[in-house]
Amino acid sequence: MSSYPQEASWINLLSSTLGFTPGTQEWVFAAIGLVFIYCVIILPSAAMMSFLDRKLSADFQARVGPNRAGPAGVFQPLADLVKLLQKEAASTDWNWREALWLGVHTMALYSTVAVIPLGSMALLVDTDMSVFLPFWAALVLALGTMLLGFSQASVPGWFGGIRIAAQVLAGAFPSLVAVLCAGIHSGDYRWSAFVGAQAAFPLRWTAFSDPFQFIAFVVFVAGGLVMLAVPPMDAAVSLRDLHGGVSSHLFGRRLSLYRLGRFYGFFLWSVMATVIFLGAWTLPFGLGGVLRTREELWLLQLLETLWLLGKTFLLMLAITSLARVHPRGRIDQVTDFSWKVLSPFSLFALIGSALWTGWGLLR
Amino acid sequence: MLERLRTDLTYWEIGPYHGALPGPMRLKLRIDGEIIVSGELETGFLHRGLEKAMELHPWPATITYADHLDPEAAVFGELALCLAVEEISGLEAPPRAQAIRVLLSELTRISAHLGYIARVGRATGAETLIHYVLRDRERILDLFELLTGARYSLNFVRFGGVAADVTEGFIERVLEVSELMRVRLKEYNDLFTFNHAFLLRAAGMGVIEMGLAFRHGLTGPNARAAGISFDVRKAHPYLGFEALDFEVPLGHGEAGRQGDAHDRFLLRLREIPQSLEILKHVAENVPSGEYACMKIEREFEVPRGEGYGRVESSRGLLACHVVSDSGRFPARIQFRVPTTATLALLPEVIAGLPIADLPVLLASLDLSLAEADR
Amino acid sequence: MELAAIITKLNKAAPGAVLQKARFGRGGAQAIWIEARALPAVAATLRNDPDLKLDWLENLSVAQLEDALVITYFLRSRETPLCAILRATVTLNENESPAELPEVPSVREIWPMARSMERESSELFGIRFGGELAAAGILPKGWRGFPLRKSYVFPQEVFGIAHSRQGTDHA
Amino acid sequence: MKSSIFSTVRAYLYDVYLRFRSIWGSLLTALPYLWGAGELRKEVTEQYPDPISSRTADDLPARSRGLLFNDIQRCTGCKECEKICPVQCIRVDTEAGSDPTKLWVARFDIDFSKCVFCGLCVESCHPQSLMHSRQYEGAVYELKDLVASFGRGYVTAEQRMKWAALRKQAESDEVYL
């Protein structure tokens, strides 16, 4: 079940449909792929998740939630976007530093679109390092966000920037170790290897294959929350004491770009968690094999992506609903949690899964 | 380690308007990294000159100003004023009016405490709690609307009674709501009170020692959390509180230390059942009779003299000193509000805290700038 | 503790300080009128005497009666249910220059909670507690006059903002 | 308790356990709301008044203090409301009308930008002409629109003389009767 032939990749299908000759430069393909994924996967996901999240939290909180824009309020995200886009600048002088670092932050973020695994044929970059690329991106992201905060020359910006950096460093370590655990289980760090080590049935997912992998899964998700400052670990962008930290001076289009970036980070992390630990896109009932032998590649890719996104959304909804009932931690408590709880447990899981896998191999 | 890392102090001014502040005020902080070294407080942004305004208005209109003392817990200001004026003019509220006043005062206490819980929830980022609490406070505000016609600044207490008799169904609904509140309190406890993350935020944070509380004359739930057993309803019973059976809970420092933010939160949660107890008892035994001893006209005159009314508001000892020189206008009305003491000790409490704790501390102190600035 | 006993103690500690005792309000409360100058001595006695221990200044109220400011200290004890009311008068002259303002000894060293109350009254009445005119920050900087005095005249315009509203002729 | 490595580890693990248990406990409280189980967990949102899904002005309690309304037919122009209003939001101008028992209320303005809805004016209104309506939507585009005018308007000098004559007539009628 190793990597599929390059000819079968959906991107080739797409580019040939669009009339590009096989001799076209690779970066053109890559650019097409990025734009395609951004427009078809990420933007709709952001809209859908923001709607689902608001509806779900409204259900939790005995409210109705958005219900005026379209039937049951489904067009609320669109309305929000339109509202944000047409907002005017609060001040007339153009803060070029802010724009620059917002740009760096955004580029770092979306560079990971190249490595985001969305299906057996939607693997733009599938090397033995691909799982680590999002970590790299997260570090650049942290730098961009930190400097974005500094560029605002305000106290919330400064503190928010420093806190973002602290959280990324604190969260990156345990989640990295958790990825190592999964790597021990699957034998390689390619996306395809992670997928290959799992099957559609939940008990064959990496997360539930042995207790240490489960710990690794929890650590990976929680570490990601710390790293990307997702609620309830969002002390770095706390609204109460920091006015939203880095974003306190952003408005309108910049704010929507920033918010979308934050969502994308969370989305990317959930996709990674699903691929690494929760059975990836492997379709149930052997559907994948059937479709592949019948050469229904478009359908297969579509189903796989939908299946993966479905699982991802469930995971994200579980996390956000948890954030609704969980008070926000203080910044030092969040980093403490990462260093003092997640890190030891991740190391414990690493040793455990090494022994477990080694014992399995010996037998 | 810290000695070697000594850095220059930064100055940070928060306010007058900031989401973490309980009202318009300015905090001038000197911070070392994220630790507050010292803080200075500037208030007065909400000064409306209530005390002066009262001198310029006929007696009945002063009640409107008294309830704007703190619109969230309006009845207490009105009560303090009315008690003082009744002392001067010798009016006596009939028993039925007393019962209605007790109902209003305890309902207000509960609604103010619920508002407090919601503010603490908001400061700690517990969204669900806020919505649950505000949902239940809404029921109490509905009761106010049913009885008085307003939800926030009630303007219902009058010299020598109340403005109107209870409406049909009010008593039943009070009992209904107090039953409901018991269920809800359990829900809050399950959801939030002993949540690990909340304990981390609040337990042991912002401790007010008994000595400190005393030095600044702190009263009310904050002082009781610090271990000072002082409740006006026990010390100077008014409205017939002497005949009612209720306890005054004290802080024990269950999760951290006595007088910390969690203790203050818990104490208010404990006061609600006591108020419910009072409500139930009074609502079941509302005496029949008149609701006011006389109709107060605009020409109402208060004889020459002085009066002093003390009330236990949701924040502590609220007192009103009324001086009249026999006329249609008061000579002087002065309020002693509990928030003044809380604000005075604030600079001592915030020193040494990280700035991230500031919103939780401010929420847990239950400051009312409307009351302090007057 | 009877009021008479308190007055005996005060007479012993600060002779001549107590002017009279008078009824306060219609209830049973009695107020002790004292000489304003003797305030620190009286306050120290009330606070430190082992039988009294009036260590809690509950309220400090200032009222203008005719041309005198009556300062009322509502005292209570932390350990006993004892309460007392202490009153002092200062005369008010119309001159509002800082040096001419009435002066009352401060009791903030004796009752620390008096600090914020004194500051507020000082700003709004123009009393110098302990010789200084403190600013509680209630009035904007540069405000003229002391609003709680009876002689206070409301300004028509404050910092360029007129008191009446344009467009509607409501005063 | 003696602090040993075991007790430290045990306390640490217990703390981690508490962390997860409290998350679980909080979720257990909130989860039943997802399927809206029971009367206690209903959605309580009041939609902005629309006659189908929520309460409207008609559902307000009887004593509800909405925008003020003055029935000028009954108003005697006694100015009692103007005098008691704590914020001076009522302005009344009157003059003698044709009816000697009643004044001609030329102007009766209520400035809702000042009104605090305390209800003292309604309480003090002897002919019971001033009352709280159930109207609560008072938003307008311009500040001056917040002034509600109930007055009958100022009259001309000619009219005034006519009324004076009428009054005199009425008085003399009274004398002869």
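Each chain gets a letter, A, B, C and D, in the order it is written, and its residues are counted from 1.
As a working rule, a contact is a pair of C-beta atoms (placed from the backbone, for glycine too) under 8 Å apart; a residue touches a chain by one contact, two chains touch by 3 or more.
This is a predicted model, so every value here is computed, not measured.
Minimum number of contact steps separating chain B from chain C: 1.
Of all chains, A has its CA centroid at the greatest distance from the CA centroid of chain D. Mean C-alpha positions place chain B and chain D at a centre distance of 24 Å.
Once the centre of each chain is set as its mean CA position, chain C and chain D turn out to be 39 Å apart. Between the Cα centres of chain A and chain C there is a gap of 65 Å.
With centres defined as mean CA coordinates, chain B is found 46 Å away from chain A. For chain A, residues touching at least two other chains, in rising order: 60-63, 324-326. Contacts with at least two other chains are made by residues 19, 23, 26, 29-30, 44 of chain D. For chain B, the set of residues touching two or more other chains reads 128, 135, 191-192, 195, 197. Residues 16, 19, 23, 26-27, 29-31, 33-34, 36, 41-45, 47 of chain D are the ones that touch chain A when the two sit in their complex.
Interface of chain B with chain C (complex): residues 42-44, 47, 49, 51-52, 87-88, 90, 214-217, 228, 235, 305-308, 317, 319, 321, 323, 325, 331-332, 334, 336, 340-341, 343-344, 373. On the side of chain D, the complex with chain B involves touching residues 18-19, 21-23, 25-26, 28-30, 40, 44, 60-65, 80, 83-87, 116-120, 123-124, 132. By the touch criterion stated above, chain A contacts chain D in their complex at residues 56, 58-64, 67, 321-322, 324-326, 341, 345.
Note for the complex: chain A touches chain B at residues 57, 60-63, 155, 159, 231-232, 234-235, 238-241, 243, 324-333.
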